[in-house]
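Attaching a single structure in structure tokens format; questions to follow.
Which chain is which? They are A, B, C and D, in the order written, and residues in each are numbered from 1.
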């Protein structure tokens, strides 16, 4: 069974500027190749992606192209640098644009487009913030439908305070990062295959109807709105 | 196949004080019952659990009892109130004590004791902080070996600022919470069965050896230490 | 003494689209007026602000205009909506662009341009995440030089899950928000005056030199780089 | 004017076990001494502090002793290790217990006991999480009444992944930490003096009354409860 990973590089720097996050992504791609998993890297900032929370913000918006690739992927990996302890604005922009995907729930089950995909996360920074950036990003992806296997965040940061980044600091020889990127690759690949053969069957629409019966919310009638998790 | 969920109530209040978190847990348990999933609720603060990061902090420590139950469970749910926007100290204590589990990796694969278990999260508060508490808690559980299916956090909070809590505010009739608790129950139950039949086979030890070959870290020799993710 | 507040509205929506965050900002402005504090509201997304971490990203960059206003202000307030539990991408973009300000330390003291300014925070969302968004934003502003008085975050969010936003939900009559916005206004105004008359005299450069004497870091020589906190 | 700093060491380890956090605290104390600021270090875990959110949890509770010291201090510093990317359970416990202080607002102004005190933060860990731990802790202290000057968090963490801690890793020679601990000391000391001579005069009670007039909340009548920010 062929598995496909799409990796969104959420660096702030446009091509062809050197990206530390890209350098770490390449190591992940190399490991995916060994497992015969195809990878595609998308550097988000090279595209015209307006701020917004819909899947299509109108004329010139290139998000629909990227979103289509995510929908065709089995594994969705968000790769982001940290700035001021928080994931990059480009990563946040990507998550915001995915908000639009809630509106495209499956007619029958209500499952969102990213349901049954597997999520992973790659974080780089020169000081601190990897746990917070990874935790939020993976959590957001579970809201959108993804499954998070164990140990699917790999990161590199230097010691306390600013300093050289991944490439300059020879991060490619850092054991913890080299170890965790392999865990990420192996666990996302296995889970993607497993879910492809055994997709989660949960009927969200049916469960919402059940929930409505025991709720007093004024939103009871606004079925579609309720999907916007 | 019989599935077992263990739910740790990380309220600050000892029994028999009324716990809002417990009230929400009971709704989760009721839904698990419908799917023939057994649940056990443990109110952590009723036990003597010293601060620490090992699996056994010595004489009088009751954590080993709880940890054994987690190891026997298929689904691990952490239920926590929010205080000051952050998960409760009792929830943090539980996560810290689970640090000790890294030391009990499988002899052959290095997989930690919580590998192939499924995680979920129940959060209550009267104002704000559910996303942060859930994101950190589920993320920590993936580090420890758990799989996080989509939509397995259910929470209740009131509007901005302090106010009545779940029970007093009639949270049991809140649609969003009633909907998400069902998603949690169905998705954790499905995933637990799937993983029981198809456990993740990743050999962490082998991957660490591979990683060591391309790393310069002084930690290369400290194999065991490296597992302490 | 005349005090000036600049409030950056970090909504994702361009003018003239209705902004819930703007509605809450207006209440803050009204209170500032009572204390004779001038306010200027800047809707960041109406300007062309490229991603980046410098104070000037070149041709067409409108950030320098905004940055100049911040430097002329006594009070800097960041107003941001929450998306997926995290401050908006526009708010993160603003913080990232402020990274460039570290490079403009005072020749003698090394103090950054925002030193001795007072920070505040306005957060809106329809569900959850205000504490995390406010904590990160105010913290980042202290790194950049601002002072944070007590109770200078005001926020509005609805109960658990998506639902109507500030305007639709009649947030303007929500007591907690109406109370905290007054705390914000009074405490930032008082502190701004106090600091204008009694600026923090700390000589960062001298302290860095002291620190270098007891440090082994390879960065000892990279004085300028070390300022990039 | 004599200034007093109380530093709460929120390590998980009881005396006399070696504490990395304590080692960093000692450097802070040394710098305070140079400025003639008295410091007192309290290792919280050496006391019997039950979980709870009141200022006195009854017989045997030693929190009131510590709380009294905080009330007598001019500078309140919370020093905490990071576990799993989050501040220690002991630090969270301290913040939770401070919740009780809201109930002791000044009869006339409603100001909480920590109003006009200055906050600082010391964070240690062996991998990552300092920004999140410091941001939450300083933010919580502003809710409780403290002022946060610029650059009053000092931290030490090693590079990505677990590894040696502050003492073993020779953190005392790390430039960034040595620099930021001086910023912390100088800025908290200056601000403490400034506030002692010029306390924030804001009358919170009066502002709450004003807010009530334009609010519809059912909590309008629950004046005291409304203080519980």
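To be clear about the criterion, contacts are C-beta pairs under 8 Å (C-beta built on N, C-alpha and C of every residue); 3 or more make two chains touch, one makes a residue touch a chain.
Since the model is a prediction, treat every value here as computed from it, not as a measurement.
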| item | value |
| --- | --- |
| More contacts between chains, A-B or B-C | A-B |
| Centre-to-centre distance between subunit D and subunit B (centres being mean Cα positions), rounded to whole Å | 28 |
| Centroid spacing, where centroids are CA-atom means, of subunit B and subunit C in whole angstrom | 35 |
| Subunit A-subunit B separation of Cα centroids, rounded to whole Å | 22 |
| Overlap residues in subunit D, where contacts from two or more other chains coincide | 84-86, 131, 135-136, 139-140, 143, 161-163, 174-176, 179-180, 219, 226, 229 |
| Topology of the chain contact graph, where touching chains are joined (line, ring, star, complete, other) | complete |
| Residue ranges of subunit A in contact with subunit D within the complex | 84-86, 128-132, 135, 155-163, 174-177, 179-180 |
| In the complex, subunit B residues that touch subunit A | 115, 131, 134-136, 138-140, 142-153, 170, 172-176, 178-180, 182-183, 186-187, 190-191, 194, 198, 200-202, 204, 207-208, 210-212, 214-217, 219-220, 226, 229 |
| Interface residues, subunit B side, partner subunit D - complex | 12, 45, 51-53, 83-90, 92-93, 95-96, 99, 136, 139-140, 143, 161-163, 219, 225-226, 228-229 |
